[in-house]
Every structure is written in structure tokens, then in C-alpha cells.
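Please find the structures below.
In what comes next, subunit A is part of two complexes: it sits with subunit B in the first one and with subunit C in the second one.
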Partner chain A sequence: MTNTSTASTPVIEQDARTKQRPMSKRRLVLRRFIRNVPADIGVVIFTLLVLLAVFGPYISPWEYDELDFMSLTEPPSAEHWLGTDVAGADMFALAVRGLGKSLMIGVIASLGTSVIAAIVGTSIAYFRGWVERVGMWLIDMLLAIPSFLLLAMIVSAFGSGANGWLALTFALMIFGWFGYARVLRSMTLSLREREYVQAAKYMGVPSAKVITRHLIPNLGSILIIQFVLGVVVSVLAETGLSFLGFGIQPPDTSLGVLIQEGSGTLLTAPWMLLVPMALLVALTFSMTLIGDGLRDALDPTSQSGGKA
Partner chain B sequence: MLKFSLFRTINYALMLFIATSLAYFMASAFLNPRSNYVNQNPTPPPEAIDAALSAANMNDKTPLLERYWTWLQNVVLSWNWGLSPEGASINGEMARRMLVSTQLVFLATFLSIIIGVGLGIWAAIHHYKLRDRIINVFSVASMVMPVFVLALLIVLVAVSFNDTIGITAFYVTGLSESGVNGFFPSLLDWLRHITLPTIAMTGAGWYFYHQTQRTYLLDTMNADYVRTARAKGLEKSKAIRRHALRPSLIPTATGVAFSITTIFTGAVFIEQIFAIPGLGQYFIQTINQNNVNGAVAVAAFGGACTLAGALLADIVIAWLDPRIRIN
Partner chain C sequence: MSSIITADSAVNDRAPDHPAALSVRDLTVTFPSESGLVHAVREVSFDIKPGQTLGIVGESGSGKSVTSTAVMGLLDEAAKVSGSIRLNNRELVGLTDARMSKVRGNEIGMIFQDPLSALTPVFSIGEQLGEALAIHQDLSRAQIRKRSIELLALVGIPNAESRLKSYPHEFSGGMRQRVMIAIAIANDPDVIIADEPTTALDVTIQAQVLDVLKVAQRETGAAVIMITHDLGVVAGMADEVLVMYAGRPVEQGTVDDIFYRPQMPYTMGLLGAVPRPHETDSARLVPVQGNPPSMVDLPPGCPFAPRCPLVEDRCREAEPPLTGTSADDKHLVACVRSEEIVQRELSYKDIYPVPETLPSILADTQRLERDPILEVRNLKRHFPLTSGRFLRRRTGTVRAVDGVTFDIHQGETLALVGESGCGKTTTLHSIMELMPPEAGSIQVMGKDVQELKSRRERLQIRNDLQIVFQDPVASLDPRMTVYEILAEPLATQGRKKEQVSARVDELMELVGLESGHADRFPQHFSGGQRQRIGIARALAVEPKLVVLDEPVSALDVSIQAGIINLLEDLQAGLGVSFLFVAHDLSVVRHLTNRIAVMYLGQVIELGEVEQVFNHPTHPYTHALLSAAPIPDPEVERNRERVMLSGDLPSPSEPNVGCPFTSRCPKYRDVLADEDRKQCDEVEPQLVGTEAEHRQACHYPL
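On to the complex of A and B.
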């Protein structure tokens, strides 16, 4: 008896809701996103890449650190699907491993920078006065030094070893939020004048609660877009550092490490370079398409996707 | 206007000072020049290591603040950026390489702005038409393509191009060949070297200006005052030129300062790939050799470039928007 009632009620409610109310915002956004063809392509490519990174190691006949001394620097063949590198490691296994590592670092680092940027950006706008002035000045100062150079210094000190990738991810978080915080602060400028924010403030709601309950959720759509596009930025920073030899250290691998190794045999063994390059560009390209699709779907004034 | 510029200059100088100090503390904390000597075989006696490190003001047995104070005095009082752990002068190395990197960064920034802003305006006028969509595809492609991937692809294409025509039309390493004399041969030689790195850096940098310029021009094109101007009978191109373009240039000008950082970072990769003896290549060497003073000098130069760009942007914005001058 209880089983049937709990199972049937949600269905009725769902039906009633769609009949009575206009489309919910979430469904509207979803529909606008799905209708955007480039965004769909982005989702498909990204899903394929994630599946490749997760299940690739299981379907590959070789391990990424397994060396086949009988085939050094061989072009793609039935035995080695994407060829081998100069040491005889299988390119498919390496590429899958590298993709997984780059993806993981990118997603975690972008999540971290989004959280830090949201808290700092909204806080300095909410507290106004000297907090805002000093905060903005500090952010501008931090933006002035090429943070990539500072990142390279830190990572060169901590990057090696088994947990090197964690240090790298952490460093990317610490140095990635300045620009986003600046943007979020300017978004908060109009938000902080809203009646409900003022009301909460004068009713004595603690500042931290106003920020986490009223300011940050209202920036949700921007934060989502920034998170997605932040993955691109983090992946590019990680591969860049690894390419220069400061990031992930062999025997562990990432797309940047593979591109760096491949650039040495650019003319004699181009597959070593083109495979990781194609994966990297596919990754950043798909995330950019998803980010742009989200922006168009979440922005009520956008006309690029036609009318909803 | 003069007072405004002066105020901004002082502000940026202070910013640069703190940022460079921060870079100094970070470099001292994370780079370890002592390891250069400890890893040598045979290991030099500890006294000799200490003496060499103290001579370069990098001895970790000296308190950090004392080292900082010595470094600061040298920089401020005699513009001496210190010595490498091996005792080579940073100033000499910087002076030689600065010229090389400045060429690259300046050319790439200039071309990026011209191409990006131009295409951005063109795309905004024809927005959502095929032309706009095609430019947008290229813009996104250049955004998602890391500068080192683009550079390596250009090297690949250039080498096969040289092979096809049978002569080395474009060089992929260095910035000049030895034994080239005379003005025009030198100029030609310079062009043959700098073309590919500049294409790579411009290709990775223009999208930013295209995207901001397109977005903001679209915003102002739909503004009320532009519609009013159109309603009064002003033709479209004139309305855009007279009323919409000027305010839309302001956000782009702000962006120039911050994109210089990106271009400077791009130079690190470009110089590494094309074997150009500039500051970017020097920076990688300084980190690998734990050269604290050298790394700080490069970071300071990068910061100075950015803030010079920011100052220029401020002046351009004040010129574009008279309201800012009054504040």
C-alpha cells in the first residue's frame, strides 16, 4: 500500500507541474543547451575523452610503463595501435594515461580556483570600503607578475615524486583565481544593492551567511561557466609547465610531457607528437564548446540559439 | 591629465615594487642554489660552497631578510640585479636578451591588436552571419590551441615547405645567421627568422581582442543612443563609427595590459621551441640552475611590461572617455 502511493505521487505531481506552470528555469536552460549543436558536439567529444581516460587502460594490451624493446619508435601498427616512443613504450597506453592525468588536474584545479574566486570576489565587494580597495589593489598587483613564472618556480621545487601532481594541482589553484575574482567582484557590485541583500544585512545576518546564501548562489550561472572554461585554462597551464619540464615528471606522464617528448622527434616520428596534441586540443576544444553553450543557455538575452 | 598620469605611474611603481619583492621571497624559498654544488662530483668543501653562495648573495645560512635587504640596496642604489650562483652578472645577460624578447613581444602584441580588433569590429557589424561564424571558428581554434602546439605545428609545416621548395626560406631556430653583412641582407635575414615565431605568437594572441571587441561593440551597437542616431537618419556605418565604436574600445584597452602577461608567457614557449636567446629561454635556465637573482629579474621585467601596458591603457581610456579624467 505504502509502496504504491509513494511510487505514484511523484508522477502525478510532475504532470501537474508541467501543466500548470510555464517551463521551469532548469528545463529551459537544458532545452536551450541541447538545441545548441556545437555544445552537443562538445559534450559528445568530452564524454568520449572521459570514457577513454577511464576505460582506456583496461582495453590497452600494454601498460603505460611497460617497454617493448623489440619495437622502438615504430609507427602505428596492429600490435601498437598508435605506435611506440623512443623507449618502446606503447603510445596508446601513454596517451590514455596522460589524458587521465591532465583531465584530473584540470578539473580539480578549476574547482579550487572557482571556489576561492567566488569567496574572495564576493567578499571584497560585499564589505566595500577599504577592504574592497585594498583587495582590488592586491589582485591587480598579483595579476601584474606573470603568475606562470611563479608557478614554474614552485612546481620545480615540489613537482617531482609520486605526489608531484598534487603539488602541481594545488599550485594551479593558488595562482589561478586572481582574474576570476576580479570578474566576480564586478558582478557582485549590482547584486549587493538588491533589497534582499540589504534586508539580510540590516536584520543582522552574519556577513559570511549573506555571502554564502545570497551572493554566491546568485552568481551560480557565471560560476558554472567559469568552472568549465577554467578547466581549459588549468589544463593549458599544466601541459605548458610539463612541456617546459617543470610539471609532471617521468616516469609519470601527462599530455604536456608527451608533447615535449614528441617535439624532439618532430620530423622522424610525428605520431609521437600528433597523438597527444590531438587529444589536448580535443579536450580544450570540447570544454570551450560546452562553456560557450552554457553561457548562451544561461544568458536570457542571448540570441545565438534562436528563441526558446 | 598630467596629474592623472602621474598618480597612476606612482601607483604602478608601488605595485611593481611589491610584486617583485614577492617574487624575490618566493624564488628564495623555492629555488635551492646549494643543490648545484652538493650534486657536483667531487662535492666541493662546505666552506667553498658557502663562500661561492655568499658572493652571489644566495647563501641560505644568511637570514632571508638580510639577503633581501642587500639585494634591494643593490637594485635601488646602483641598478645591480646581482650575480648568478656561478658569479655571472645578471645585468649583462638581461640587457642582451631583453632586446630580443622585446622585439618578439612588441611585434606580436601590435599585430594581435590590429588583427583582433579589426576582425572583432567586422564580425560585430555582420554578427550571426556566415562571416562572423567563420571568424569565430578561427577565434575559438586559436583559443583552445596552446601556443606550444601551434608553434610545433608551424615548425612542422615550415620544414616541409622548405623541403618542397628546396631552399631554407624560413629558419626555425635562432634570430640571425652569422656572416650576414649589409643593411638589406641583414633585414631579410631578420625577417626570415622572426616571421615564424611572430606568426605563432600572434596566432595565439589575437583571439582575445577579437572576442572582447566583438562582444562590446555588439553591446554598444544595440544601445539606445545608437538607435536614436539611426532613427534620426544617420547611416549604419556612420552611426557605428561615430557613436558605438568609441565606448566599445574601452574594455579592449583595459584588456591590453592583462594580455601582455599572456603574450610574455607565450614568449617563454616560443623562445624554447625556436631556440631564440631571449628572456623566456633565460627564465627556464635560471630555474633549472637555481639562479634566484636571474629568475627575479625576469619576473620583474614581465611585471614592468604588464604595468607599462596598463599605464598606456589608462591613458588611452582617459582619452576615449572624458568622464574618467575628471575623477
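On to the complex of A and C.
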């Protein structure tokens, strides 16, 4: 067969291409992302927050559940860097612990919703027919249920104890994916008509493999954005629930719990509110910036493109 | 047809010294982009006189559409235009958009490629036509109505008066394009710009629309700029031709000069790469090697130099100017060696190396002695038309495939041809799905699809049955490397890892790609190379039959020739069979052994390709073949066309008798009333045996 290929192999074609090979997609996206200054700021803030949550407990002289009865409601000082709360716990240790917890919940819940939404959304679009009809009907029903009440009930039933936060994360995951699944299903509608999907089908590739190999990776950019913005949504949901007493249960803590406790002493001990507040704002703000930056970088029609 | 051409040339003869309607000088257009300044159009100059047609040809990305868009003043704001565009001695470059709007639609008429998006869906045809008239002329409502009816009648829309109230979705593609032509000529323009006006249409409709365009030109006496990649259309329509390459004209002359005496190696390559539907021989096509250059940073010298077989050192030094030769100052060429080409009377066969034809490994065996690979008998596929969201009611049936019969033997190619909507693609998918058909039977390698019960059994058949798709961009997963793409069918068939790796290298070489490039992503390859990857994927598991769904229609002619040659070589070397679906009849004639013509879901003619092309027996086949444009101006001029009236009927309407009666020229003009009765009442069946040339017609030609 070698003679065939020499007969029709365009030698020049090879050379011509190597010379003018276009920039790879990944590099192009990275370049566009880096050029976006707000997104870079977001990355820096987020990295600092993660570092703080991971290494904070090691540099803090106090444990978060260690009470210093000698200093109750003390303002920031050399001993307690960010002051103490009413019970004498160190604010820095508490804030670091709360930030870590909130981050964990946010990331895990968002990851979970993205995975569930991706699998459900692509599957109901790929299988078509009655699967799609029943699936869409179910999602529309689920969207209409009062998820907040159910969330609160689950947390009050299972939310106590050391692993209470897992119940909350799980609940956020279970009630968070419907809307995303609906969006991903409509994205898959055009993807499922692509010829490479048909080609795989006609090759005899099993449906589960078509979904994980061809459909989900090609929704990648949307999934990334969804995940990043999902972290913001989950963190806000967690803080909201904790603030109302349905979230993380003491003695464990989170940003929401700290804000709730601090809100009572805004005038007498403002540091108790301002510290967790600042961390929460920094966290959601940085994630939003990153999410926006990713969307602009991945969207070929956006205005963040270069000027020649 | 021929009468119209004489009328055309009469206009030209009458006004030889007429000043040019449109005169373009040194038109240059640049765009900013992520990777740098794109030089889309460089130093384009031409004149067109009233009543004349200028054909602009070139491959995709050669700048032909940007040139026409610049003339219309419709370029993006970021584009920089310099040079001069003079319409009736008035400068258009530098006019504001508001001033250009007065010119567009009045002095310049436009016809775009896609008539669906060019018309607004929310207004009726009458309103849109009326708007075009009212903007540029001071007419009363009654006058507008009268003129609209006149225009629609002129472009051949039946019942023009009642159709004014119709909306674009109620028209077929060909009819919409007629409406576009009516709007374009509404204000009696001096220049009509037609940008790929028939690319989206079927050949039979294309012939009708081109005819209407000629009528419109004769009525208005306008100069026409015809932009197309189809050399057959140019041969039939144009008086003058401008060949563009890398944003620059490389050859310019009368249509005969360009087709019979090309001087630029690129033009010669283009003409050599086109298969000719009117010629019997199956001489090899000559592909132009390589790809067009990037328009961002062009190397110095002739942009065609890297692909040119006649390249010399001086070609790489400076870009040759577009000049006439000493013998002929009207025929302009941008090539340093043009004088030499003329003197030595070189043709493309002398310049380009003609690849040799490989002998087929099955050449010694008669067709019917070879094993049948695929046998399709009276296949039917109907889709229900339903209404209602939850409780679906069946309101009708689309008979997409309604009686398809054909055989494919080892090592042969069968083409399914027909207009879009005739059921070609549905037939392919019905075969590929390997599900029991509604009616009829499909046998692959002697195994009836009806008897396949499990996924396993189907997977075994899939080892012998693979597919290549039309769009080389959409058919390869952009997230997978070429290695992963080629390994997918192998892994699905359960091949071991070591085998896969060796086979991928082999496949890359087989289709003429470097095996070292297997770790790249599809977007790093050009369209032609991607199609080669698609073919390699189909061949990976060594199938007996490959289904080719329009494999070359998305490619430029020079690239297309390389793929056609590759397919021929693969068939000769591997003995694989092809089921080929295409709308381009010239490619079909070149590549296939047998042909099945489809109309409204049925095969109406089936036979050896030479027999069918030389002596079509079904009136529809006859009309289809005569509508195909031929890249030869002389042949186009002297051709008698059989025009089909109207469009393809809807496959959802119930049908009694022969489905073709509504458009059949023989039924309309030749048959007596008592003979017609049979056509009206009895549905003709495919007669004859497998060895014969068969047709489904009561009165074959």
C-alpha cells in the first residue's frame, strides 16, 4: 500500500501545514484569560483564600474550639490577631476554620451538581424518545418543588454531629442540579446531531461510552464555567442556611455561622461580623471574576478577543 | 437555452464601446484578527460593461466574496478598504453607510447564497418586494402592486398575484431564490451581484434559477458579477472570468481564454482537478498539491509558488504583476512563465504529474461472480407526522424511503443520486442503524438484518460496515487526538492495545498522512486532511463496505481531486465496496461503477454508470443529467436542456400512480391522453433483472 500513499501523498501539503499551524485552542483560551485583568485578580484572591484555609490552622496559636476565658469579646490584639468572640474563641482560628468548611461545602456541592447535571442532561438528550420526554417532565416537576424547605428538613434531621456538614453538602447537591441539567440537555440537542456522535454510534460504541467520551468532554467549557459559578451559589446557600440555623451546627463552624453570631454584636464588637463577612465577599467575588473570565475566554464571539 | 445566449451576445455586440457599468481599480481590503492583519483582497481591478457577466472563481478563502461585499459596501466596520470602485463614474469607496443604502437595491442588486436567511420570515413576499420598490421609487400602492406582480411573473412564479400574500416559509428553496432575484431587479439596477446564488440548490433547480437570472439580466441590461466555486456554472454563465488566488487576481480573460487557453498554472490545476460529467473516460484527476497560504503573513513572491510545479527561484522573489502577454493584451496573467507556457503550448497534463491508475485486485473477476456485500430489497421507511404535545396524534406520514432496491458486489461502487429530499440520506441511515426495516429487507454479507437479535451480533456486522461523513470538521471529535479517533473503532471491535497502535500507523500511511502526526488534534489539519482521517477511521477495521455520505462536497475542487484519487486507489488496492451518496453528478460519473437514481423515496433507474449517463431511460434521469453544469463553455452553449417544471412534491402527500407525473416532460408534452392514464393510475415498478439496466417507467425513453 505504500505506493498508494506516495502516489497521492502531497508532500508539500505537510510542509505547508507545519509552517502555518494555528495556535492550539488551549493556549488561545489561556492567553485570552490571562489578558483579562479582573480574572487574574480573581485567581490571585482565590489562591490566597485557599492557602489561608489550608495553612491557617498551622500558623494560628489557637485552636478554633479552644476557649480563652481570660479574654471575652476582645478586639484584635497581638495575642488574638482578629480578636475573640463572646465565648472567648479566637476569631482568626474560627474564621480560618469557617472559610475551610464553606470552601469544602461549596466545591464538593458544586462538583456534585455539575456531575449529576452533566450525566442526566446529556443522557436524556442522547437517548431521545420516551427517555427524553419522561426526563424533561421529571426535571420540570423537580424544579417546582420547594427545595428550601426540604433542605432545611434534611439538615435538621441529619445535620448534627461531626459529619453534619456532609449532610448539608449532600442536600445542596441533590437539590442543585435540575436547572443545570435542563441547560445541558439543550446544549446536547445540537451536539447529538454532530457527525462524530453518529459515527461512534454506527461504529457500535456503547451509549454510556458515547456520552462520557464524546458528549460530556465537548460540553467541557460550559461545565467549567458552571462549576466555578456553582461554587458561589453553594457557598451563598450554605451561609444563608447556616445564618438561619439550618446549616452547620455548633460546635463546628462556617462563614454563615460566624456571620450569624457576629450580627448580634455589630455595634459592640464589629470584628466578629466584619472578618467572616470580608472572607465571604472575597470568596464569592473572586469566583465570579474567574467565572466571567473563563466565559469570555472560551466564547469566541466575546469582545475580549485581541486587537490586531 | 441557446436562444438566450444569442440574445446575450447580441447585447454585447451592440455595445462594444459602451462605458463600463462598474469599474474597480486596485481594490484592497484588510481585516484585523487575533493573529494579525488579514489581507483578504489585494489589488483587484476589473471593468464590466452593461449586459455582461463577470465570473469570479477561486477556492474558499480566496477573497471572492469579500470583493463583492466591498462593492456592496457591506463589509464589517473593522475592515479597511482602499482603491477605487466606480459605479457609472461615481466613486463608492468612502461613502457613508447611509449614502450607500441609496445605491444598494437601487443601482446595485444583490442575490445571496442562502435564500432562507436573506428573506425575513415575518413579512409576506409582497411586503418585502414592495418595500424594495417603495424605498427607492416614489410609487403609489397600486403601482407597487402592479410592478410586484410583473416582477414575480418575470422570475417565473406561478399565480403571482395570489402568491404576494405568501410568506417565505411557504416557498421552496428555488422559489425563494426566484423571489430574491425579483427583489434584486426590482429597481432596474445597473449591476447585479450574485454571490454563490445556486450553491444551496439542487441541480434541476439550479438550472431553472440560472435561467431566470439570465432572463433578469436581459430585462434589465445589467452587468452581473457571478461569484461561484462551480466551474460548470461559470462556463455556462460568464462572458469574462476572473480567477482569484490568495486575495489577488491571478488570471483574467474571456471565458474561452480561461477554459481553453489557461496560462497560469493555478487555473490549469483547477481545470484539471474538475471531473467532467460529459466525458466517458475515467482518466485520473490531477490534484493541486498543498493548501492555499495563510492570508496573515504572506511570504514574498508569488503566493502560488509553494504549490506550483513550474516554480523557479525568481517566483519566490517578487509577486508577478497581472499583465497581458505580447500576443494578447486582453488576457491577463500573473505568472513570470506565462510567455513560456503559451509558446510551448503547455497544458495541465504537461505541468502536473498525472497520478497512475492502480490495477484493481478484482479486475479479473466478473461483477456478478463476486460476492454480494449488500442487498437491499424494496426498503421502506416512513415517519409519522404528529401533532399535540402530550397526547400525540398521527396526522400524516412522510414516506421518506418508499421502495429502494439495489445490490452492491465486492469491489464496486454504487452511487445513490437524486435531489435533496429524495430519501438518499434516510436510506443510508436505515442501513447503518442495522435495525429491522419497516418493510423490505437489508442483507449485509448475506446476513439478514431482521435476524440480528443482540448488540453483539450487530457489532459483528459493523466490523464490515463503516461510514464516512460529509463534513470533515463535524465528523471528528475536536477533543480527541487523531490517534484516539482512529483507535476508537478498533477498540470497539475489541482489538488489543499493541495491535491498535500498529494499525493506526498503518492507516495514517494508507491515506497519505504522516504517522508521526497522530498525536495532533483534528483542528491542526486542513479540510482535505481531515477527510483523509475520516476515511482512515472508516477503513480501520478493514470493512467490506464503506458508506460515503457526500465525502467531497465540502471540499474545494483542487483538494477534492486528491480525495477522489485516494478513494479510487483504496478500492483498487483493498477490494472494498463503496455506497456513495452525492449530488455532484460529475463526481459520481468519475468515481462509480453503478448508479441508482432516486425520486421521492424510490429507485427509478438502476444500471451501469456509462449506460445510465449515455442512454438514460427514465425521463427524470434524463432531466437530471441535462441540468448538471459542464465545465466547458462550448458544450454549455450548444446544449439542449430538458427543464423540469416545478419542485419536488412533498413526500407526505398520498400518491397514486407514477410519482413523477407532476414534473414529467414526457407526460406533459409527448404522451397522449389514453397513455397518460396508465401513469396516473398504475405505479411503475423497477423492471428487469440485476444484470440489466433497469427503470421504473411505463414509457421509457
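Rule of thumb we're sticking to: the second predicted complex is superposed on the first by the 283 of 308 C-alpha atoms of A that agree within 3 Å, B and C clash if a C-alpha of one lies under 4 Å from a C-alpha of the other, contacts with A are read in each partner's own complex, and residues count from 1 in each chain.
Simple rule for what comes next: a residue touches a chain if its C-beta (ideal position, glycine included) is under 8 Å from a C-beta of that chain, and two chains touch if they have at least 3 such contacts.
Being a predicted model, the structure only gives us computed values, none of them experimental.
Looking at the overlay, what does A:Val96 touch: subunit B (first), subunit C (second), both, or neither?
Neither partner.
Touch test for A:Leu279: subunit B only (first), subunit C only (second), both, or neither?
Neither subunit B nor subunit C is touched by A:Leu279.
Looking at the overlay, does A:Val233 come into contact with subunit B only (first), subunit C only (second), both, or neither?
Neither subunit B nor subunit C is touched by A:Val233.
Considering only touches as defined above, state whether A:Ala181 meets subunit B (first), subunit C (second), both or neither.
Neither partner.
Determine, under the contact definition given at the top, whether A:Asn218 touches first (subunit B), second (subunit C), both, or neither.
So A:Asn218 only meets subunit C here.
Would you tell me which residues of subunit B are touching subunit A in their complex?
That would be residues 12, 15-16, 18-20, 22-23, 26-27, 30-32, 128, 140-141, 143-149, 152-153, 155-156, 159, 258, 261, 264-265, 268-269, 272-273, 283-284, 287-288, 295, 298-299, 302-303, 306-307, 310 of subunit B.
For the complex, give me every residue of subunit C touching subunit A.
32-37, 287, 289-291, 293-294, 306-307, 355-356, 358, 432-433, 455, 458-459, 462, 465-467, 469-471, 474-480, 488-489, 492-493, 506, 509-514, 521, 523-526, 528-529, 537, 562, 565-566, 569-570, 573
Help me check something: in the complex, which residues belonging to subunit A touch subunit B?
For this pair, the touching residues of subunit A are 137, 140-150, 152-154, 156-158, 179, 232, 236, 239-240, 243-246, 259, 263, 266-267, 270, 273, 277, 280-281, 284-285, 288-289, 292, 303-304.
Using the touch definition up top, name the residues of subunit A that touch subunit C in the complex.
Subunit A residues touching subunit C: 1-5, 7-17, 20-25, 28, 194-196, 198-200, 202-206, 213-214, 217-218, 220, 305-308.
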